[in-house]
Structure formats: structure tokens, C-alpha cells
Amino acid sequence: MPYLKNKIINDPIYGFIHIPFNIILSILDHPYFQRLRRISQLGLSSLVYPGANHNRFHHAIGSMHLMNKSIEVLRSKGHEISVQEHKAACIAILLHDIGHGPFSHALENTIVDNLTHEEISIMFMQKLNEEFDNKLSLAIEIFQNKYHKTFLHQLISSQLDVDRLDYLNRDSFYSGVNEGIINSQRIISMFNVKDQDLVVDFKGIYSIEKFIIARKLMYWQVYLHKTVLSAEHTLMKILLRAKELCQSGEKIFTTPEFKIFLYEKNAINANFFKSRKLLNLFARLDDSDLITCIKNWAHDKDEILNYLSNCILNRKLLKIKSIKKHEIEPSLKIIREKIQTSLKVSHNKTSYLVFAISIKKETYSLIENEIKFLKTNQELINLSDVQGDFNMTSRNSEIIKHYICYPDGYLN
Amino acid sequence: MPYLKNKIINDPIYGFIHIPFNIILSILDHPYFQRLRRISQLGLSSLVYPGANHNRFHHAIGSMHLMNKSIEVLRSKGHEISVQEHKAACIAILLHDIGHGPFSHALENTIVDNLTHEEISIMFMQKLNEEFDNKLSLAIEIFQNKYHKTFLHQLISSQLDVDRLDYLNRDSFYSGVNEGIINSQRIISMFNVKDQDLVVDFKGIYSIEKFIIARKLMYWQVYLHKTVLSAEHTLMKILLRAKELCQSGEKIFTTPEFKIFLYEKNAINANFFKSRKLLNLFARLDDSDLITCIKNWAHDKDEILNYLSNCILNRKLLKIKSIKKHEIEPSLKIIREKIQTSLKVSHNKTSYLVFAISIKKETYSLIENEIKFLKTNQELINLSDVQGDFNMTSRNSEIIKHYICYPDGYLN
Amino acid sequence: MPYLKNKIINDPIYGFIHIPFNIILSILDHPYFQRLRRISQLGLSSLVYPGANHNRFHHAIGSMHLMNKSIEVLRSKGHEISVQEHKAACIAILLHDIGHGPFSHALENTIVDNLTHEEISIMFMQKLNEEFDNKLSLAIEIFQNKYHKTFLHQLISSQLDVDRLDYLNRDSFYSGVNEGIINSQRIISMFNVKDQDLVVDFKGIYSIEKFIIARKLMYWQVYLHKTVLSAEHTLMKILLRAKELCQSGEKIFTTPEFKIFLYEKNAINANFFKSRKLLNLFARLDDSDLITCIKNWAHDKDEILNYLSNCILNRKLLKIKSIKKHEIEPSLKIIREKIQTSLKVSHNKTSYLVFAISIKKETYSLIENEIKFLKTNQELINLSDVQGDFNMTSRNSEIIKHYICYPDGYLN
Amino acid sequence: MPYLKNKIINDPIYGFIHIPFNIILSILDHPYFQRLRRISQLGLSSLVYPGANHNRFHHAIGSMHLMNKSIEVLRSKGHEISVQEHKAACIAILLHDIGHGPFSHALENTIVDNLTHEEISIMFMQKLNEEFDNKLSLAIEIFQNKYHKTFLHQLISSQLDVDRLDYLNRDSFYSGVNEGIINSQRIISMFNVKDQDLVVDFKGIYSIEKFIIARKLMYWQVYLHKTVLSAEHTLMKILLRAKELCQSGEKIFTTPEFKIFLYEKNAINANFFKSRKLLNLFARLDDSDLITCIKNWAHDKDEILNYLSNCILNRKLLKIKSIKKHEIEPSLKIIREKIQTSLKVSHNKTSYLVFAISIKKETYSLIENEIKFLKTNQELINLSDVQGDFNMTSRNSEIIKHYICYPDGYLN
């Protein structure tokens, strides 16, 4: 395994990534982590951006690389960070996404109940901590924001964390939407710490503005691209329909790994995970389970499952149309009636084929902890208080969009 | 489907790719072509280069783009190319790889007999030709080199074709091995035609040398990287073992799509494909079938299938060691005996775990049609006749390497 | 001249630039245009960003390339543009900056009076029009916005013109400040025309926001970087001092080309240019005149000229400090007095060494013609009316900054 | 001076360059070093590649950066390098080109006699060593290859030094000839030391082959591009003619800095430099002197000086034609006679307008110290002994080309 022997991993974005600690190598080698090779980073975005086939494995390693660089910078500015803290921060960011299921988000709110990928990540970390003789304890503390050096947690999860710095560049690179490219090297070089908080040297203000705009752009142009929304919500409808069929006693195709998640009648939540030791089964799920299922469901006798699976498999996606909020219900009603008549499906099934999507996204949050700048006089100032072009204090920065999805031909 | 409506596809390598003809759009939309989204371009190379997750779908479109640019250049130099020929050449390159199976090459010589992916590509083209009212006839003629304008075939398949121009840059880009980057724009700008042959303007000599060295480098650093070789040959051993088990009446897991390929007792060759109308079944196979199988085989009771599947699934690859030819047999013997004893497997099974790989690759072939340069006096000269640094006339340019693969710990 | 023969020019940003018309080649070959090779694009920015040595010659050709692409896009959307209009628009953008003097802006308001580089550009165009048998008449009409197809002028000069699209990417590329990189290909692909106005397809909204932020960032990080400001204002002080000395009868070094500009007692304005046929003399001025003068002035007996010339020549720049408006006058007074005492220079000379700079820059102007978006229902909407993150309606987008410059050591 | 305060310099190729030692900052600040900002790296190549306006200043800093990285790598492989050695190696590479005159090579063999830029570099280093209290002594030792750790010298000057690694990428980047791009990060990561010699880990073989081919390509495509040859030899003819005129008592324009170099009757060699303390005068020469002279000489009454100066100034270059060796003399004779008649110039003047250029370049030298590879068994092998595609043992790798240059229209 050359990248292990040399402790170097090729990355088209950063050149070479050096692995700073042996325990990182051991974690990379673990089947839990290797599974991330088979979890696509951007779900179904590759249906719009065919280059976007990168996976969580590479993103996790890239984020770890930026964590490593961040700690170098903070140390060079005189902030003490012990080897143990350094190692723990690297482990924590490496594992921050390990709880993602197939296509990153497809199972959430369809198969799995009230259980975020972060919570599953923690379950994985705890399991690994047992296997690694408690060497991950500090990493877990940092991940859960229980450690007093708050900035270490903020590097993992905040409005300006290395997760975002990596995924913006990585998603831009692979999708070819180069507007998302940011200068992570420059931003990291302006990281600083004040009162245990991660802050940014003031002269970094324009780079941070650029970062925020780049992230917004990636949201609307890639992550929430309307064709991607149509595809991802269709995938959710497929899973809901499959589960409904299984629950009502129908037999449909499933891979062995995925069986319990479809047929189980109890809610698949945190308790269920624990009581049934589901983690190891979950650890075997990846994109290929869903693809294999969908390929078979595209021939299923259930017309809904069959129809929607073909949508995804052969990229015959549901049409998606931007719509005003008050028009949603009347529009759904009209199209569903048309569908009911022409396709001869029962009314309640039409909600699988004709549905609304509402998206709410703010560019920058004033409610979460703000990005703070450190002025040369050592005072702090919030991004929203910097006089400038952003109108962060109003509701302007929140965008709400509504769409309806429906089979082609049912709306003029 | 935004890229269809706008007839533009995002490509991180070329920026935007314009789709030049409506029939191209219809082919892109066909399930046969959409399947290529699920066939990785570089097989298991991503186990060494984690960025290399690109697929045949994107490569086919990229090659079509370069075909389009090549035809523009040739026309600008006064060579007449009709719209029909232009369209046919674009279709032919688009479909040149459509016959690839899971992980591009895994089934060849393991599951499928005496049947190259090119032959399967032709079957697909003929099937599509029926569906498209014979509009692909000229494309098939060009692909099979039966059309008098030989240069159109050479653009698809020769020692300097748009296939190679696309994959070198694409594989470099995604793997991060930037030594493979070539200037395809410059090379194409020097394409020319003489006596219906594709030739290169003489001043392109250095760019062609660079192209040949870049390709050589990509072979040894990526395509034939020894860890990749270990992984891909292990995958082949898995398939051979699985087929052996199925043939001998064992029941092992299989996806429905893959079943006939494992259990069929007849040779799966061209005749079988035709007699059994296998093409549509083959058209449902993709990487996810193999991954799903391997995930289940990693728990199979057959110790060989189980062992090797874990190798791939969790990247616990067989060790691979460069070796001299005459040492192969003695080394295999020693290690197989050790394995037999310590793992208590029968001798004939050890050949699945301990085996040799021999690779022969020449940088540039003197037997195939050579790359020809057009001098300003309109004479042609073969690359090997250009006085320069390459020693093409000797056997130097052919490299032969031998390796043995074996479970870790069985060789000091 | 290979790039002429092949009608191709290498550009690290766009790859190859094709020259679309023979008259463009003839203009490129003219000494007036060749002079632009010796006019740096970014004045003294290379003192901060050492890679930024690109010149007006390359920028002009790059802008012409983007004009060419823009016209292709507009035609593909059904807007008729004749070959004559196409050619004229390319000529106009090619010549838009031909009136720039040494270091692009150094002579404005120091040597030359009330005469912008645009006005000098027009003089050059008129002169070339005579030489080229009036073939530039339409180009001049478009440049001066007298042609009814307003969008052609707007492509040259507006808040979203190909000039800006080229310089943002070019300046980013050469300076290494990659935050300025924009996707000009994508922006141009969304250009459209409505009622003869250049507009943008609505879905381009995020790319345009990104473009505006990128431009703002380049202003503050490069063009108005405070060290650059210090250097460029020092250069202006040098020229003012040199002119003052010449006017008062002192003899200082000058290149022959520059002599009249220093010694002439009349205002060097448009009338003077015409009455004295100054254009051909101006056409011989370039960066090397100023560098040669400064190298000699660094040894001049006038202590001010000598001091400031050394500042620039050996990059011993005046300190520059951000300051509040009301503090400017008192600060200047204090430092000038200190200088007067310690350097024993007369009070009025201290204004050459100690001075204030005030910068006013708005990110996007509501007073100029706004950027307009074309919605799918064919309605237009101004950028400032799009609900979003920008607060264009307030004064927020205008930034005013004040600085003082002074010799090192005269302020604690 | 922001890059000094932050000890960071923006570089479009490497991102940020950190300055590792304070003495490096002091050297950067010295007028001798600042002069390199005004010496173009590639002479007149920008007449063919208009982006290639980079200078020796940036190249020197970039090379220093690669030296720094190389030393990091060697230390990480267990080779001891003291801080003093590290610092000295960085200083030596920083100053390796400080002796270059205007347009890098224009004065050599025209104005200056028997004095290479390396020798002038050493004079500068010795002068700086005095100013810096002998802190450069070790750097000079290393530069002159008098230090026992030979690899430090080899990093500065050998067939695989950081000078070449920097200039290949830098010249490719700025010219846009991207075939010259090499993976300097990968190559450096494979540097090693054996018996005090710089060697390369064996697995780097393909990267080194690629490096050699890239360098060859840059030579023929950029450095020795025939139009560049025509321009640079014309510049040399200009200087020879100017010197001839001055020596014969003619008065021609000169900048004060350049005067002695033109009018001095003694050979301007090492002795003359020392005896006349010429170094400080030389330290004031840069590209702007030659440009200013040429602009004035383009109006000189001497028809040769006038003609050739216009060639360069307005890029009306002499035609250049590839020719066989035995055809040189007859061709020169014919054209010179034609010129003599039609231009009415004396015969001996025609050699300024019509002349031959012969270029000899080998891709890789077997006479110089070879590039050595370190095999895993710790044995060394020379590049030319590695079995492969290169035919290094023959004369093939040496290319000789002949050209003649002449005014357009004098050869059919």
C-alpha cells in the first residue's frame, strides 16, 4: 500500500498529503474508514456535473490535511498546541463524516429516523475508541465541543471550518464549477486564536467575504441545483415507497446488507441502533447497495417503485419547476389529478410522483457563532459588524425557494 | 436535464463541452450510454490514487469533444469533411468504449471468453443502429475502419487518437499525477491529413515526443502501478474463484444481473451473446454488481473467496514484489507451500493466493501504423525516422516486468 | 513572426488566441500597438506582487479574444451581428487602452493635464483610421457609444465588459492572488441582448455576484493595496517634483522622448496635443523612460527628487498608515515639522515626502447603467433589485479610506 | 513592505513563499538584488510569447523556495544539514543569477569579454560578503563547489538542480507553453544523498525522464525558438554595431549608465571590472537602458543601427530560415550581394543584416556529472545506464541546427 508506506497520499488539489501520525494510518486502514471510498461526496450531483464522482474518503483526508496546516499556522503565531491535541484534532476531523450513509444523505428521514450522520459518526468514533485502547478519547471530546480549547472544535465545525475549506475547493475541482474555488492557503494563514476562540486576522476580511460568496454560489449552482434537487428527492421517494411496500408485506429485491433497514417495523433511531448492534451492519452499507436495489426495482411490479427507479437509473428525471408558495397546493392538485386519470394510479400514490420541495438557505448565519476578526489593536469584531457590502443584519441573506416535481408532460 | 437543454456539459478539463448534434443528445440519453456513469474509467486505480473515481461516461464525452475540435482544425486546413462524416465520427468515438464491463476490464478473460470490449461495443452500436433507424451506419463503418477516409478511423483508434488525448489528461487530472498532462489543444492544432491518413505538422515533433513520454509515465505510474496490478489481478482471481464455485454447484451470493454470467456453463463468447440475447443483460451490469458481490463474498464460507474479497473490500491487498523471470517458479513454489501448511488450504487453491504477473509494454510501437509527420515540403516522415533522442528502432522501448503476489507475511 | 503567420497567440490564460481578421494582424503589427508591450498593466503593483509584470499588449489581445467569444454567443442566441460589426467591435476593444502612458496611469494629473487615457486612445484611433483608409470608423463609433447597437459599446465599457473579464483573470493569474479568478467562459455564455442592451440570462445571477466580489477583492488586495498606493503616489510626487524643477529652470536628466513633457510650460492637454502634434512623441514613451529617469534622478543633487527616486528604485518605500479623516491634517503637520528639522529641508518641500491619500471606491454603482438580468419571462431586472445578499441600495457599498505616507522613522 | 513584514511572498506557482531567514530578507532588500526586478528572465522571448515578462528577481526567490523544500526532504531522510549550511545554500541559490545583465544574456560576447554571468555573480557575492560581515562565506564556498557536502552545490548547479526545477515551471507558466510543466514537488520528494552526492530514489525514474523531455521541449519551443533566436541575435548585432560606432569616434545616444560599456576601448573583462571598480556601474544596468538606447537608435543616422533597432522595437524581425550547414556560406553570399545593391550599403555592413546562427544542444550530457539513482539495495545507477527509451549513449541526443537571418524580401 504505497501511500501508507510513504505516508503520502496523492491529491489533485493539494499535491501530496503527508500523514502526520501513525494512528492516522491505522484509522485509514480500518474497514469503517475504507467504506467511505464507496460513499459519494455529493450524492446525485454527478447527474448534472459528471465529474463530481469524488467520495467522502478523499474529503476526510483533505480536511485532515488542512487541519494539520491550520495547527502549524496557529503554532507559528505563538499558540501552544500539544502533540496530543494536534493528533486528536486530526483524528476528529478525519472521522467527522464517518457516519454518512449511501449517497451521503439519502437514508436520512427516509430509512433512518431522528438520527443525524453526526450522531452516527460519534457511535463510530466510540466503537473505534474501544478498538484503539481509548486513544480517541480526546478526539471525541473535541468533536463534541467538550474540550476547553474551543478553537480546536471550531476548526472542525463552525462557519469557517476546515471541512468547508476542503469541500468548497474539492467540489469545485471535481464538478468543474470553478467559481467555488477559494484560497484555503491564504485563509488558513490568517487563522488566529483569541480567548480560545478561532478568529481571523483582520486583513483577511476580503478573503472571508469571497469564501462566503463562493459557498453561497456552490449551494445554488451545485448542491441545490434544481435538477439535483429533483434527483435527490426522487431517490428519497424511492426509499419511502420501498419501505412502505416492505412494511405492508410485499417482497421486493434488496441486498442482504440493506434488508433490515427496509423491513424493520421499529423506528430506526439511536436506541434501535444500540439495542440491535446495527452499527456493524450500517458499516457495510454504501452507494452500491442503493444502485443495485434501484437497478432491480426498475423492473419491479409496483408501478411507482418501477417508475421512479427508472427516473434515477437512466436519468429520465422528474421535471422540476420553480413556483411561488401559494401556487404549490393548487398546482399539485391539478397535476396529481391528471396523473391519476392518465396513469390510472390511486390518488395517494400520486404524491410519490408529484410533490413539492421547499429550500431555505442562508448565506451566513447571525444566530450561529459568528466569524470573528482580530484587529491589530487586539479587539474582536464580528463579520456582520464590519461595514461593508453585506447586509447581514436583515433577512436578505436567507433565500427560500419552492419547486414542484412531476413527470414530464403533465404541465404545459 | 440542464446539460441537454443547453447542450452544454461541464467538464473540469475543458470547461464547457458543447454537444454538436441532436443525435448525440439522444445517444447520451440512452440507458446503454447512461450505464457508463457506473463504470469506473480506471478500474481499481482509486485504491492507490483516491481521486481517480472518474467514469467511462465522462471520458466518452470528452473524447467526442476532442473529435469535434479535431474536425474543426482539419477543415480549417482545407480538408473537406461533410456534416454526415463529422456526425458519424463524433458518434463513433462516443461509443468506442460502450462495451466495457464493470471496472472496465475485470470480466475480460475471467467471465467473458475471447470477446474484447471492442467487439461488445460493436454489438451495442449495431443494436443502437436498429433503434435509431440506421443513422449510425456510417459511424460503424468508420469505427471498423471500412470507410475510405482512413483519418477518421485513426482519430478514434491509432497511436495518436483523441481517445488517448482525452484519457491522458483526464486520468492525470483526477489522479493528481500531473506528469501525464499533455497539451491536447496544441497537438490537435497540428493535426493534418495526407493521402487520407492522419498526420502531424512537423513542428509538432516535440509535443508528440512529450505525449509519448507522458503516456509511458502514466502507464508505469498509474495504469500498471504495482499496487494497482495486485488489486486488479486479485479481482480477477475473485471472479475466477466465484465462477469455479458456481460451476461446481456451490451457491454463492450474486446480484440478479450477474447470475447468468457466473452460473452459465457455456463459454460466454460472441456466439453465446448473440444466441442468448445477452446484450441487454450485459447492459445492466456495472461496478455496483461487483462491489455488492464482493461485500457478500467477504462473508462467504469459501475461504479463498472470502479472503480475497476482504483484500479488495478493505484494501488489505496482497503484497506484490518485483522479481526476475527465472525466480518466479521457485518463489511461487516456496510461498505456496508455506501457505498450504499454515492456512491449511489444498495445494490447488494456493494459486489463487500466490501468483505471478508479467507485464509487457512498449512505449511506442513500430509494428502498428507509425505516427507520421508532414514536413513543409509535403514529404512524410515516420516518428521513428526522426533523428532524435528516442531509440525506437531497438527493442529498448519494450519493457517487461515480472511480479509475484502473495499474502503478507509469507516472504521475508 | 510565428504568431502572425499562424494567426495564433499563446496565452497562459486562454490557451491559444486565434486572430479573427487580417486587419487585426495589421493593427497588432503597428508601432503604436507594439508600444503596449512596454507599458506594464498594473503600474507598480509588481513591487508587492512580483509576478505581476504583464503588460497592456497582452491584456488588449485577451480582451479582443473575449469580445470574439461574446459575439459568437450572442449570434448563437439569434442576435444578428454583421461581419463588419464583429470586426469593428474587435478593433475597438483592441485599442481601448492604447492611450495609456508609462506605468499605465503615472502621467495622469502629473505631467498631462485634464486628458484621460480614453481621450488619448481616441486620438490614436483617429490617427490609425487615417492610415487604414477609414476602416476603423465603425470601431470608433462603437467605442464612443454613437452606434445604435448599444450592446457592442457595453461589451467594451460598462459594469460588465470584456475589459473587466479579462483583467480580473489576468491580474489574478500573474499576481498569484487567485481570489480574483472568475469564470469568464460561463459569464459570457450567459450574455444576451434585449432592446439593444447587453443583459445577462437570469440564471447567471450567482456568477455575477461572484464577479462583483472578485473585482472588489482585487481592488483592495491588489490595485489599492496600501503598499502599492504608497509606491504609485511616490511616483507621482517624483514626476511633480521633476516638472517643478524643470519649470524653474533646473537641468535634470531626461530621456529625449520625455523632454518636452517635463520642460514644456503650457498645459499638456488635448489642445496642446493637437497643436503640437504630440501624439507621435507620446507614442514613443514607455515604462523604460521613467525607469531610466528615476535611475538617474536617484543621483540628482535635488534632495527630494533624489530621495523619492531611491524609494522606488530600491524599494525603500515610504511608510503608509491607515488613518481617520480628521486626523490627517494634524498628523501631516507633526511629521512635516519633524522632517523639516531633521532633514533640514524647506517646509514646502516636505509635502513631497509627507502626504495624504484618500481612496473612494464603490463595489458596484447604482448611478452608472446597472447590470440587467433577463428573466425567462423576458422581463428585465436590475442587479440591485434582485433580492439577495447585497445591500446595493445603501451607501454601504462605497468604501472610503484615508492614509498618510511618510519616510520611515518619523512616526512612532 | 508587506512581503517582508509577513516574510511571505506571493508566487503564482507555489502559492506563498516563506522567507526562512532574516539575512535572506536583508539580501532581498539590497539594491543589487532589487535590480533583478528589471532584468527579464527570458530576454526577448516575450516577442513570441507575450506572457513571458517575468524577471530574474522572481526566479531567484522561487529557486530559493525549492532549495528550502529540498533541504526539508533530505533532513527527513536522515541527512544532517546544519542551520548554517541550510542558510548558506539558500543564499547561494538566491544569488546564483545576480550577475546577469540586461535581457539576461545580451551583453555577453558583445559588450563584455570573456566574462560569464557566473563570474560576475561571484563578484557580487564577494562584495555583499564584505557588506554583510562575512556572513556569506559559506554560501560562496558552496556556490564554487569548494565545500565537502557536494550535494549542496549540486542542488544549485547540476543536471538536476533547483534552478532548472524552478525555471522550467516558471517559464512554462508565464509563456503558456504548458508542456514544460514538471512536478517539482514529486521530484524533490525523491531527492536523496549518497556519499555526499545528490541522488534520486530509483522510483523517480519516470519523473526524471519526464523532466528531461520537458526541458528539451522548452529549449526548442521557447528558449531556442527560431523567432527568438532571430530577435536575440539581432539585439547582439545592434550592440556590436553600437560599440563599433563608439569605438570609431561616432557619437550615438546612450544612457549615462551604459556609456562606459560602449565607449571604453579596453576589453571589458574580469580584470577591467576589478581595476575600474565597474561592479557598481554594472549594478545600475538593466533592461531599460537597452530599451531606451534602442528607441533612440531607431532614429540614428547610421542606417545599420537604425534598421536593426527598428526590427526589435517594432517587432519587424529579420526573417530566419532553417538551412543545411553546407548551404550557409553560398546563401549568405547571395543575400548579402542583393542587399548591398538594393540598400546601397558597403559590403562589410551587410554582415549585420545577413548572418548565420548555429545552435548545438544536447538533451542530457554524458560528460557532465550524470543524474544518479539510488536503488533500494543502496546501489547507484547512472541515468544513461538505466535500460529504457533514451539512447543516451549515442550522439543522438545532441541536436545541431543552422539558420540564416536576413531582411524580409531578400530570399524567395
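Lettered A, B, C and D in written order, each chain numbered from 1.
Keep this in mind: a contact is a pair of C-beta atoms (placed from the backbone, for glycine too) under 8 Å apart; a residue touches a chain by one contact, two chains touch by 3 or more.
This is a predicted model, so every value here is computed, not measured.
Colleague: Going by the touch criterion at the top, tell me which pair is linked by more C-beta contacts: B-C or A-B.
Modeller: Higher contact count goes to A-B.
Colleague: Given that chain C is a copy of chain D, what angle of rotation, in degrees and a multiple of 5, matches their CA positions?
Modeller: 180
Colleague: With chain centres set to the mean of the C-alpha atoms, which chain is at the far end from chain C?
Modeller: B
Colleague: Between chain A and chain B, what's the gap in Å when you average each chain's C-alpha atoms?
Modeller: Here the centre of chain B sits 32 Å away from the centre of chain A.
Colleague: If you average the CA atoms of chain B and of chain D, how many Å lie between those two points?
Modeller: It comes to 44 Å between the two C-alpha centres.
Colleague: How big is the gap, in whole Å, between where the Cα atoms of chain B centre and where those of chain C centre?
Modeller: Whole-Å distance between the two chain centres: 51.
Colleague: For chain D, which residues are shared contacts with two or more other chains?
Modeller: 15, 177-178, 186
Colleague: Applying the document's contact rule, which stretches of chain A touch chain C when the two form their complex?
Modeller: Going by the criterion above, the answer is residues 177-179, 181-183, 186, 206-207, 209-210, 213-214, 216-217, 220-221, 363, 387-391, 394, 396-397, 399.
Colleague: So in the complex, the part of chain B that touches chain C is made up of which residues?
Modeller: Residues in contact with chain C: 8, 15-16, 185-186, 189.
Colleague: Would you tell me which residues of chain C are touching chain D in their complex?
Modeller: Where chain C meets chain D, its residues are 1-3, 9-13, 15, 29, 31, 34, 37-38, 46-51, 53-55, 57-58, 61, 173-178, 225, 227, 253, 255-257, 284, 286-289, 291-292, 295-296, 313-317.
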